[in-house]
Every structure is written in structure tokens, then in C-alpha cells.
Amino acid sequence: MITAKTALRRQNKVQRIDRVGKLARGKFVSPDKVPEILRRIIEPGDILCLEGDNQKQADFLANQLATLDKKDLRDIHLVMSCITLPAHIDLFRKGMIKQVDFCYAGPQSTAVADLVKAKKFPVGAIHTYNELYARYYIDLTPRVALIAAAKADRKGNLFLAANTEETPAIVEPTAFSDGIVFAQVNEIVDKLPRIDIPADQVDLVVQAPYPMHLQALFTRDPAAITDVQVLMAMVALRGIYEKYEVQSLNHGVGFNTAAIELLLPTYGERLGLKGKICKYWMVNPLPTMIPAIESGWVESVFAVGGEVGMERYTAARSDVFFTGRDGSFHSNRAMGQLAGHYAIDMFIGASLQIDINGNSSTVSKNRITGFGGAPNMGCQPTGRRHPTRAWLKAGAEANPGPGSPPGRKLVVQMVETFQAGRVPTFVEELDATDASIRKALHGVTPVMIYGDDVTHVVTEEGIANLAACRSVAERQAAIRAVAGYTPVGLKRKKRETEDLRARGIVQLPEDVGVRPSEASRSLLATQDIKGLVRWSNGLYDPPSQFVDW
Amino acid sequence: MKNPTQKKTSTRAVLARLFGSSARGIAIEKSVLTGYASVGDGKVCVMGTCNGTYIDNAAALRLAAHVIECIEKHPKTPIVMLVDSAGQEPNRVAEMLGLASYFGHLLSCLELARRKGHKLVTVATGQAVGGAFLCYGMFADRIYALDSASVGLMPIAAMSAVTKIPAAVLQKLSKTMPSLEFGAAPFALLGGVEAVWSAKDDIQARLVGAIANATSEDNRAELGKKRGGRKLALDIRKKVLAESAR
Amino acid sequence: MSGVLFHEQTARQRIAALADPGSFVELLPPPERITSPYLAQLGIPVSFDDGIVIGHAKIGGKKVYLAAQVGQFVGGAVGEIHGAKLTGLFKAAARDKTPCILLVESGGVRLHEGSAGEIAIAETMRAIFECRALKVPTIAVIATDIGAYGGIGILSTCCDYRVMTEHGRLGISGPIVIEKWMGKKAYNSADRALVWKTSGGKTKYLLGDADALVHDAPEAVRDAIAKFIGKSRAVSLGSVKARQKELEKRLKKFGTTNDPNAVWKGMGVRNVEAASLASGPEFAALAKRGK
Amino acid sequence: MEKFAKAFPSKPLPSKAAKPWALAGVVGSGNLEVLLERGSRPTNMMECHVETSIPGYKASWLAALSDFAHHYPAGGTKITINDQGASPVLVNLRLRQAYDHLTKGEK
């Protein structure tokens, strides 16, 4: 038997396609033939890439793959960014996977933790997005890639609509190494609105019986934003955005940052910050940004992915969003992550756990979530050379030595001191340091953002400027000072806190000009989804799970 | 919730026990009862449910129509309401059409009857739970239950499933809090039914007495306090009345 | 408008916003600590008002009795104390011939207290009709997503008038219960657009089960209440016969459709999309409410 | 459920308090109600009673209440809390709201 290892790649590819034979008409196959075709084009030992990030999923192909068994397919080295679907989990339960390299396991994080415990989840490594895409070009080049597109034309050209996301990052390394690219599409048409992937790079196409799965991941209902989150948002706006004149930035997915977006047209406007901050964004088309965009705050938005319901709005605001000639929204995950790494003043995000050194993680013994893209942006790009005001100002505070870059990206962790149910956010030691997790990850502790990269921690208690700390002990004291009534916070020493406050390393809300009693949801540009629809002049179509009228 | 229990054999038997041979005047259509019968020397209007059926929009309307007819054609005739219903079936179309309003309409018709001098007496014959009991049976002047009837909010197992409180905990508490217990007897302790009629009783005679003694004064809170099953309700109501009169 | 959303307010804030300034007098106020012995026994936090604030106040100078349920507290559900406060209030209203307004926010009977809550709802229904027989106006305001469900849904339909906002929901069985019963295909409870088209204020207004559809603002709710406290709706042979006809017609016309849009169209909404976006009186203007 | 009580030294409440009692917050998931009443003795202590659905956080409760007693003149008041898992920041916010209602009659 010829295996992938012994044959020339190109010859081997021809053989695989030959095996498909009459099951396909040219490139096109019918849905019911897909399991058999997968059986014929995938060989033991293959590196198989399944497209699927936290939003867009080649779910039809994944579901068909999961109908196969170990006797059909085995020893697969699975590479994919997000383990999201029950079908993905099935592949492991059936013992078809010999190794997996991935980034993130959001909805399946509990199932993944269980599989790890049962030793049925042989992890190579958990990556960040760009790290994994980079490895597709180095040592994890896919032999077969199963991808998803919105539309194909009769030649097999693909249109990716608003959700380009990671498709190019998968297709290019696969197609240019004699791998097989198999695309599921929602529709086959005569003429595409635009060509995102040329037919030349596509081997097989199936029109899926149902449209690909798209998760509305970035929609945050303003109704769920709390007064405390508004308080934190006000503190961040004054103590960081205003102070450093942050012009280019990324926002994580969360209610904290949604509160900031909704404060720009109200509180931000009152502070006279329009035009001074928040002009250039690397962020998905967040519905909560609509009021700021409509109020003229935003120059441009580049995104790693689309967002369900924002299609008409983004098309209408092509002056702000990147769009194709046809007017439809364009995203690119790899390029977006790259932009978020090198070209922004600030990354701000939340985390489930932060230790006394500022390391953060979303992993616990019972939930292995992984990383996604946050660490690509929430880190110091020491390869950066271009200056901006924020970068230089933050750099100066960090008092760089002769061997360090002069600037620093602002990497901000914004968290409440407690999670729901009085679970403390601040801990002495991360759950992620658990021995069994470290063992499964070959000795690596799954830290989301390293403490050394973090410049500020914002809580409802105030701001800790970690970049300005001069020692590990000082950094720990600064974190305790804003850790409130958590066990970590209760250990703070009054005098130490007062000293840090005198030096501006710790700032309470009043120190940055925020009165906590002012913090109220009524400051938000809108308090519900309906308001976002109104701000968009009816162009935003919220998914029906968000419609409460 | 459970499927309606089918007790086809017993419906006519129950009607016969209550109304003797005059039960022939009661029609059963899709488990909804409407008609007229005799109790003692007097004529009564009979309406209600059987077979543990669900009450939907149409059933509520048929019951309401019967009450209206009784008001128009048989002034002051006592109305006997029989209850054997598992409640309303959870149904989206029924909700969309406003099932609550259909029930509210049925209650309005009964209220009109009361104001026009009809006595209202309920006998819970089978299941008397949830919305089905609220939408007519519990609205009577006086409410009675056969001891075989399943009366109450819901059985402890169901309560446990919804509240996530272990059934054993609820079971134990129900010893001192009859409100948590399911059945005609604990419901009577709360004042929710005037009396429970046993199999040995002369039901027809009881019904005669019930109709004769019915008044439109709602006495349930008083009964609940007297019987010790609902210790707080009456005093709190009185307190509200006293404080608001100040 | 003040910009304050009615559905965002707490029960106490709602009362403060509706009543003439300083006019509200609470009955059985929190310092009396009349809390549920059932919840205490079950190890569930109690509340000093047991989830309902009651009292009297003036609205536009006219005395009213007011009750506001606290939806956050065990879903606003009715236990023995909560229910007794409610019954007492309507009885006081009947005694004093003073209008009674219930700001509804309740899933119905508080299961943790078993049948006591169910009987209390039945008793309150009797008290409501006592008011109505005396031409004392009773008004239910349903303006939040917790809405009026279960026994409280039925109770709300016993009042003279219902004031709703588009966020309010009125029904008996909630979407999760129905989904469990009929399956996700028949009713996906996460499809909130469908949930609101099924039980939301707009649909209820179109069908005539809500008497006013107002903006989600305390001033708008107050204006609607002010309009209704001067009138009442007698339960008469004529009125129940008319209602019987109306409900029969409704069942015949829409009883076989699954599609709430068909109901909207059938009740005179020409442009469903535009109507979906419109609120309160603007919605009412877009829909010539069918008979 | 966990239940505890403690009194904290606090400067006497200004005598011109607007109301005899004030209530802030509601009992609900992640929320609490704070009942603040005048007329407790001695007038240089703030008396606190807490009932919380999440046991094990007594230390952080006491620290938060102690800080409040330190920052606000609340001597001679009695605070009673029904809690369903509120975070300390929310506890603080409710205490302040109740205090404002009591002293200024604000809603």
C-alpha cells in the first residue's frame, strides 16, 4: 500500500483524486457521497485540517467525517483552530485521532477536559491562531483541508462573504503543497459577487444541505451590562484611554468592553475625547459599536470575522468597514491577528483568573478552553519599530533599559474582582498550573496572557499600572491593591497600597476623576438591542435570540 | 406534567353518584361536561371536565357558553362545576391566541352568574391541578373534593424536578407544612376545599347540603387558619386591611 | 421622556416613578420583616417584602392602591405571604372604592410554597371581581420579560384593563415549558423574536387582550394608568356575550395557524417589519387594530 | 445559608436623617437587599446582620462592612442584609444607596 510517507506528494494527490473517480462530476460531488469520498481521500497518518474557528464552521463536512469509523480512518493528525462541534468530539471518542493541534475549545471545553482525563485527547500543543496558521507553513502542513465557503461558481471559485476568517490561511499552505482542498458551500451560482479563493486552489466542492454554522459570538446585549461594568468602563476611559490617547485598539468579547463602546458617544463625548481616542479598530463588527460609529468616532474597523446580523449595516458603512467591490463585508483572521499584534496601541480584554503575578487563564481542571487569538494581541510585539504617542508614553513609564524597545503596547486586563457566584477572579495560583493539565500539555502551563506582557489591570477598585512597577514584589502589591475583597486582596498591606497610590501606580476611581455614584447604566448610549437597531437606522438585524419585542 | 389519565369507565359512574339518574342530562364531548341535572328537589346546571383532559381555548369557550346559556335561560339555577383536568396543555398556538384571556373570560362568566344569584359549587372528582383548577373550579363559592381526587399544585416529585430541591427534603418539610403536600386532605387543611367526601358518604345528600349552604363569601383564609394549614394568610390580609384603614 | 426605561427599574423605583412625589405609603414595609418561613426552611434567601411592595399613593392627585411585584425575587412568584398581601390590597381597594393597580412581574405560583400560593391567587381573583362589581377600577401593568405567567397570567386577565409595553409578556405556559412539551422544532425558546410574537405586548394588543400599548417609560405607563383610573368595565351579560363572540372568532380565524405574522396581518398590520421596529403608540398607529 | 452578626465602630449618624429606614437592592441571583434602620444602640456602633446563600466568605463580608463603617458615619444604625451571592462591590454600592436614601431621602 502506498502511504503518504513513501510516495511523492504530487503523485499521491493524483492517486487520491483518482480514487474518487465517478463519485464526483469534475470537482462537484453530491452530499450523500461525502462520507465515501472522505474515506477515499484521507490516508492513515495524514495531517487533516478541519476549518472551524469560534464563528464559522465547516460543519457539514465535519458531521460527515464523524459518520466514519476507526476502520475507515485512523491515525489522523488533526489540526484545526477551534474544537466546537459535537462531531469534533466524536472523532476522539472513536479513537481516530493520533494527535491534535488546536487553539480553542469554547463550547466543548468540558468535553475536552473529560477526554484529556480519559487519555483520549493526545494534544500536540494548544496554540494561538497565528501560531497555528504559521505552523501550517512549517511543520503542520495539511494533506487534506475541509473548508467552508458561502458560494461557489461552476468552475469552483469560492466566495467567502462576510466570513473570510481563516479560509485563506488554510487553503494556501494546503493547495501549494499538493494537498487536497475540499469545500462545502451554501450555494452554487453562475456568477460570484467576488472571488476570494480561485478555483485553481480548490479540488472538491459540495453544496451542503444546510448553510454552514455561524455563531453570533460578538453580540453583547446592552441590557446585560451592569452598573459595576459601567464604573469600570469609566475608570478605564479616564485612566487609560484618555491618559495615553489610545488611537488604535482591539476590544475583547465581553460586557466590560461593550460598556466602553456604549459610553463613547455619551460619557466620552462629555470628556471631549472624540477625535482623540478610539479611531482605528481591529475588532469584529460589534453591534455595540454602532452608536460610536454613528456618532463619528470611528475611522476604520478591520476584522478577523463577521458578525451575524451586521451584514446590511457594514455594507452601508463601507467608509468604516473593509468591504469588497460588491459592498459585502470582508474579514481575515490571520491578517487581523497580525494587525492586532503589531499595529495597535492597546489590547484590552477580560479573563476568568489572574494570579498575583498578573498571569491570566481561562483553563480549569474541568474546562480546557485554550487560547484563540487573545495572546496574539495581548502580548508585547518586540519586533515593532513604529512609534505612536501611546506606545512611547507607555514605554517611558516602563523605564526601558538599554536593551529594550522604547515603547510598549498597552496590554490591559479588565476584570471584576469576583466572577458570578462569588468566585474570586484573583488567585494566588492559577488552576491552569494543575499537574495533570501540565502533563497533558507537555509541561506547558496554559497561560492566556503572561503577567510580564500586561501593563494594566483594571477592576472596580481601580487601576494597577504593572508596567510602572519596579520589582516583582511591587507588582504583586499593586495587584493585591485592586483585588478588592478576594483572599488575594485581603492580604494587601495598607501602607504599601498607600505608597503605590502616592506614586500613581495604583489609582482609585476618584484618582482618575470618576465618582462611583455616577456610574449607571443610564449613561450608556442605549440600554438594549432595540436601541442598537434604532442607532443603525434599521440596518442592524439582530439574531432572533436577541429580539425581545 | 403527565399525559391525561384515561378513566373512561368512571366518568359516568361519578356522574351517577352525584346526580343519580338525572346525570343523563349531562353531555360529554371531548371530555368537557355540559348539561343539567337534579340535585335533591332542585335543578342544577353542570359543567366541567373529565378523564383528566386538558383545557384548551375551545374547551374554555364551550364551558363559558354553557354558563351564559344557564344565566339567560335558567336564572338563579345553581351551577355545579366538576373538575378532572391535568391543566392546560403547553402549546404555542394556544398561548399566541391568548389562552389566559379565554380562561379570564370563563371566570368573568362565572362571576356574572354569581352576581345574578347562581350559587357556584365545585366538586373535584379527579385531577384538580394548576391552571385548570384556577380557571373555574377554584372560583366557586364552595369547593369540595372526592377523597380519590388529586388536588393541589403538583406532586412532590414534580415540585422537586422544577425547583431542584431533593424530594426527600420536600417530603420531610411537608409533614409540618401541608401546603407542600399533594392531595385533597392537605388542600382542605389550607382551606382550599371546604370538605373532602369519602366513598362511603352519600354524595347526593352532601351535594344537596353543599348547595344549600353555599354563600358568596370567600371563607378559605379563615378555614386555612382554623385548620392550621395556612397560618399566615388571614392575619396578613387583616393587617393590610387594618393598616390601610388608618 | 426621562430616558429611564420602565422595565429596567426595580419594583420600588417603578412605584416612586408612577406615584405623585412623596405620596406613596407602604403597607407592611420591610422593617416589619414578614418573610417566608417556607424559603427559610428550604435554605433559600428570603426578602423583607416577600417579593411584593404594596401601599397607597396618589396619581395625578387621585388616591390609588398600588402593588409592584419583584421579578428578581424567585421570579416574582406568589407564595403565602406575597399572595395574602395582594389579596388584602384588592380587598382594601374594594372597601375604600379606590382604584387598584398591579405592576405585574411574576411567573405565577411559587412552587417552593406549594398550594398556598395557588389558593392565594384564587382568592385574589375573587377580590378583583369584588372591586369590579363595585365599579372600582383594577389595572394590570405588564411591562417586563418576566411578565405575567401561570396563575398570574390568568389573574391579569381578570382586571378591568391591561397596560402593556412591547417588552411585556402575557401567557400561562412559558416558552421553556412549551419547548419541553412540544419539542424544540415546534417552539424554540431561544428564538426570542418568536417568543415575543407569541406572548409579547404587541401581539396581545393586536388581539385586544391588552388595552393600551405604551412606550417603555414610566411617564408613558403613568399616563395610561391615569386614563384608566377614571373608568371601569362592568361584567354584564352584554359584555360577556360580546367577548364570547370575539374569542370564538379569534379561534376560528387563527386557531390553525402557526405563524404569528399571519396573526399580525390578520389583525391589520400591513408592514410586519416596520411594525416590529415601532414601539408603543407608533405601533398602534401602524396597526389598525382589528375587531 | 450562612448567618452572622457583628457590630463595627462608626461615627454617629448625622441626626438629621431624612427617614427612619431605607431599603436598597433586591434579593435575586447575584444581588442582595440592604435594610438600613435608625435607632440602634450604642450610637457609635454600626450593627450588622448578614444572611447569605453562599457560605465561606465571612472574612470578605466583614472586611467590606468594616470599611463601610469606617468611611461613613453610620453609628446607631442597624444593617440587615439578605444576600443571594452578590459581589462585594455590589454590597458596597447597595450600602451606599441605602445610606443615601436614609440620610438624604433619595431614591
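A, B, C and D are the chain letters, set down in written order, and residue numbers restart from 1 in every chain.
FYI, a residue touches a chain if its C-beta (ideal position, glycine included) is under 8 Å from a C-beta of that chain, and two chains touch if they have at least 3 such contacts.
On a predicted model such as this, the values are computed, not experimentally measured, just so you know.
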**OP:** Between A-C and C-D, name the chain pair that shares the greater number of C-beta pairs in contact.
**Re:** C-D
Original post:
Chain with the smallest distance from its CA centroid to the overall CA centroid?
Top reply: C
Original post:
Which chain is most remote from chain C in terms of Cα centres?
Top reply: A
Subject >> Rounded Å distance, chain A centre to chain C centre (Cα mean) >> reply: 42
**OP:** Could you grab the centroid distance between chain C and chain D? Build each centroid from C-alpha atoms only and quote it in angstrom.
**Re:** 33
Original post:
Any idea how many Å lie between the Cα centroids of chain A and chain D?
Top reply: 41
Original post:
From the C-alpha centre of chain B to that of chain D, how far is it in Å?
Top reply: 46
Subject >> Multi-chain contact residues (two or more partners), chain C >> reply: none
Subject >> Residues of chain D whose C-beta touches two or more other chains >> reply: none
**OP:** Report the topology of the inter-chain touch graph, choosing from line, ring, star, complete and other.
**Re:** other
Original post:
Which residues of chain A touch chain C in the complex?
Top reply: 223, 521-522, 527-528, 530, 533-534, 538, 544-549
Subject >> chain D to chain C touching residues, read off their complex >> reply: 1, 20-21, 23, 26-29, 31, 33, 35, 37, 51-53, 80, 82-84, 107
Subject >> Residue ranges of chain C touching chain D (in the complex, touch as defined) >> reply: 10-13, 16, 29-31, 33, 43-49, 70, 72-73
Subject >> chain C - residues contacting chain B, complex >> reply: 27-28, 34, 37-38, 41-42, 54, 56, 65, 80-81, 83-85, 87-89, 91-92, 95-96, 109, 111-123, 125-127, 129, 132-133, 148, 150-151, 153-154, 156-158, 170-173, 175, 177-178, 180-182, 186-187, 197-199, 203-204, 207, 209, 235-237, 239-241, 243-244, 247-248, 250-251, 254-255, 257-258, 260, 263
Subject >> Residues of chain D that touch chain A when the two form their complex >> reply: 30, 54, 57, 59-60, 63-64, 85-90, 93, 96, 100
